[in-house]
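Two complexes are shown next, each including chain A; its partner changes from chain B in the first to chain C in the second.
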Partner chain A sequence: MSRAAFRAWVIPLALLAAVLLVSLVVGRYPVGPGDVLRIIAAKLGGEAADVPETAATVVWQVRLPRVAAGLLVGAALAGSGAVFQGLFRNPLVSPDILGVSAGASVGAVTGIFLSLPVVAIQGLAFAGGLGAVAIVAAVGTAARGRDPVLVLVLAGVAIGALLGACVSLVKVLADPYDQLPAITFWLLGSLASTTRGDVLSIVPAIVLGLVPMVLLRWRMNLLTLDDEEARALGVETTRLRLVLIAAATLLTAAAVSISGIVGWIGLLVPHVARSLAGPDFARLLPVALMLGGGYLVAVDTLARCLAATEVPLGILTAAIGAPFFLWLLIAARQAWR
Partner chain B sequence: MLTAVDLAFGYRGVRVGGGVNLAIAPGEVFCLLGPNGCGKTTLFRTLLGLLPPHAGRVELDGKPVAAFSRAEFARRIAYVPQAGAPTFPFSVADVVLMGRASRIATFAAPGPADHAAARAALATIGIAHLAERRFSEVSGGERQMTLIARALAQEPGLVVMDEPTASLDFGNQARVIAQVRALGARGIAVVLSTHDPGQAFACASRVALMRRGEIVSLGRPTATLKPEALRALYGVDVTVAWLEPAGRRVCIPTLE
Partner chain C sequence: MLRRTFLTAIALALALGPASFAQTRTVVDSTGRSVEVPDAPQRVLAAGPPASVLLYALAPDKMIGWAREPTPAQKPFLAAPYRDLPTTGRLTGKGNTANIEMVLALKPDLILDVGSVDATYASLADRVQEQTGIPYVLVDGSFGRTPTTLREVGALLGVPETAEKQAVYAETAMSRLETRIAAIPESDRPRVYYGRGPDGLETGLAGSINMEVLDAVGATNVADAAGPGSLANVSVEQVLAWNPDIIIAADPAFRTAVARDPVWADVAAVREGRVYLAPDLPFGWFDTPPGINRVIGVDWLTSILYPGAAPVDLAASMRDFYRLFYHIELTDEQVATLLEGATAEP
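For the complex of A and B:
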């Protein structure tokens, strides 16, 4: 196996496996690694495991859905981040900066406010995210002639602020005893109350979003070129761009609809993935997915083990992500050049 | 193969030039000269179907360019843009492989044949040793060679090059012009723009002079690149002379 393939597959896979196992083992009720594996094997095989009933319940009913949610949400955010960075030809954009997360949260918060079912919340989150990225991209096109990166970022900030105001409006209107705490907790980002049903409900959207990314894994590289250059190479850029933006927005919306706002993953993880796997999207995508999933599961494990009360995820990812971003700005230009 | 008939061109709402009639023959090297801002790049973008014509038409083998899909067009005509800085650290081999895009199905990745074509293109241009280097880290001249190799990997009948020698040092300009000649010798037509009339003597079979969006003169280099014509084009006195050791005409500004 070549050194590149080793970096692109073995390292992320090993990290991911270690994180998953640790996450299932640690917690308020300790279960040994051997027992965890036995419980999972037994449940999958449909037999009773030779372990205490409580341990089986904790692992199978409580920790596993949460780990699965972390895996899916982290992978989805990292995957969409990798796509957005490529499409906007800018390693500093992410679903957060482009307003996708803000747009999705307006949709999702509205859904919570209207007490809609999870699928409808996902749908609204998708529509909100797509609307936000469409506006940001339109502003980017209209303000042609200026530094496109700056325009995108500033447009994202402005749209994000506007959407934040919409979220605040919904909060003011929400029932302060029932909906408001749910909305607030959701906006901080958390996997604490994720059920197996929640996890299963986002699987179709995530698969649907990943399919075009996997199919277009090589074409995606061409979309990181100047638009006219890509067209001259024979790529129907407009169509592919739309498909991939929709796919990445779908991933973000699906993630946001069960986890709330978990920032920075879409920015940070693709960077690390690129330094392991290189810029070729066919190689980058699986690494970003694995690292994103592993990273969020790790952070979520910290969130539930760090203190007596649960620390909201968004707080932890921001505490790690924001300094990383600043470090990138200052020191690590060569990390993507 | 590529023809422009009464072509007017420009951006949306802004006409840059017009009255262009051109017919590029297979295997010829066609050089476009003109001062900065006269519309060379806009004309090229229109010829490449990247901008719609304001009036008139651009045809490839008798069919309007707009009737081709981007992939069909790219299999016949390659474009070497002015080399910009890429966002992501692709290797030189990755960049050349991208030239295969029009020959790879939308949902597929490059196969062994594509990798072989990319390697062959690198070898032909003489930069096989750069294959694993980052495109963003090689020199400007090597970057231009990479883009020419990418165009070659596209296996086109015609390559359009927008100022391929701009911002290159003396040696790299010569290397690029040598590659242009080599493309022509291989039967691949080249349309290029340049700021150096001497380069037209070195590589072109025909040359066009462009001024304020119009082609004012077109023909063989020896017939077209006269001192008077160049003076009218650039506003400086020019000496054109046969240089025996080089075996061709050269063109230099006459400084007072």
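For the complex of A and C:
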């Protein structure tokens, strides 16, 4: 195996496997590591494990869905981050650039404000994320004759600001003793209440978003060229860009609909992936997915184990991610872009 | 003799300055601030929702507006015409939504605030008072001193008789509770989990203002184990590890979910059917807002936490409370609505 392939596959896979294993055996409810494995094996085999029922519930209904959600959400955020950074030819871009998080926030806080059940809040968040990006894309298509990437970014900034104002408005109107804390916690991100239903509900959107990314992985590289150069090579850049934006948005919207706003992963993980796998998107994408999933599972394990109360994910991803990012900036200069 | 009285009056007026023509006196509020207030305030502005509740209970005639507009669900539980008073917004704390000019246009002669009395709130009160020129009295809203708060504010507003009746109601409920739990050692008292938010995973930590009623009724908050704090999110796994005897849900969606979701099925409270919904009309019985609305929570919690030989007549107590504090006669239908999910099924 070549050194490059080793870096691109073995390191992330080994990290991911280790994180998943540790994450499944630790938690606030005491279940021995042996019991955890026995419970999972028994459930997979469709039989009852010889352990206390509550322990089985904890592992199968609480911990496993949560780890799966961390894996999916982290992978989705990192994957769409890698796509957006390539599309916009800019390493400072994160999946929020076109307003998907802002749109999802408006959807979710509206749901909380109207005291809707959790499923409806998640649905509104998902719809809000897609809706925001659809508006941005429509503006980008309408403003012809300018640099299309620049128009998209500027439209994203403007729509994001507008939606941010909507969130603030809802916060002002919300019940300060009842709804406001719930809104604050949602905006900080958490997987605390993840159920199996939540995980299953986002799988279709995530698969649907990943398929075009995988199919278009070679052409994705061409989008990092200038539009004119890419067209000279026979690539229809405008349509290709829209398809990839739609795919990446689908991933992000699905992810944040169950996790709330989790920052930094979509910005940070693609950089780390690039330093391991190089700039080729076909190799970068799987590494970013694995690292993103592993990173969020690891952070979420800390979030639920550090204290009896949950530490919001948004705080941890930034508190761990930002210093690491700075270290990477200084130490790994040669791997940039 | 007459002449002397007259001279004394003039001297007094000069000493107190021009404001004294409007009949004022000086009170010291819970933060230790000396505030010059009118002898008989007529137009009082509540600075926040807990103050709204207190003011409405004690002297609805002197109220000039609600800090938060009553919702259509709340209105049937509030008396006309007060329930249709304008909304003035919050003037307290950092989340200020009141428009100071509008507040001034309403010409209040006193601003009443109830809640935390730390240095931040004391300085905020000073700032508002300085800016508006309207006396701003901040009263400690801790649940444990509810009877004192009622009597203090009753005297301030010139309605000592109403305040006395309400204070006696609160004291009676507490003493009834104390008799009930005197025989129950602390270790035998129920361990309670309070779940807020649609997913029920937001809870109040030890010493949180949200848990004051629970502490007052002598039950154990399972989240005390997580240390002191205010509101926090916890994981389902953590709640399963705590295994509470009783769950109190703030949100009906959470109560329904708990009953159905297999994840919660093994919790002692769910197994024994001891999951209760905290009534919240017109104001919360448990924690929202943190005002005197929680007084009815004492009898309610007594009846669900310590179901003993002689059950509390909750319906009768509710009627008394709503008549005394909210100035309405509860209908049978309203009693049933309030208690839906809030007590053990008969």
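Convention: the second predicted complex is superposed on the first by the 252 of 337 C-alpha atoms of A that agree within 3 Å, B and C clash if a C-alpha of one lies under 4 Å from a C-alpha of the other, contacts with A are read in each partner's own complex, and residues count from 1 in each chain.
By our rule, a contact is a pair of C-beta atoms (placed from the backbone, for glycine too) under 8 Å apart; a residue touches a chain by one contact, two chains touch by 3 or more.
Fair warning: this is a prediction, and the values are worked out from it, not measured in the lab.
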First (chain B), second (chain C), both or neither touched by A:44: neither
Touching partner for A:330 - first (chain B), second (chain C), both, neither: neither
Chain B versus chain C as contact partner of A:29, first or second or both or neither: second
Partner chain(s) touched by A:142 [first = chain B, second = chain C, both, neither]: neither
Which of chain B and chain C A:89 touches, first, second, both or neither: first
Which superposed partner A:235 touches (first chain B, second chain C, both, neither): first
Chain B/chain C common contact set on chain A: none
Chain B residues touching chain A - in the complex, by the definition given at the top: 45, 48, 50, 69-75, 77-79, 81, 84, 86-91, 94, 98-99, 101-102, 104, 106-110, 136-137, 150, 154
Parts of chain C lying in touch with chain A, wherever the complex brings them together: 49, 68, 90, 95, 97, 196-202, 205, 210, 223, 225-227, 229, 231-238, 240-241, 243, 250-251, 253, 257, 261-263, 265-266, 284, 287-290
Touching residues on chain A, where the partner in the complex is chain C: 27-30, 53-54, 57-58, 61-63, 66, 112, 115-118, 121, 172, 175-178, 180-182, 185, 190, 192-193, 195, 304, 307-310, 312
Chain A residues touching chain B - in the complex, by the definition given at the top: 86, 89-91, 215-219, 221-222, 224-226, 228-236, 274, 278-280, 282, 336-337
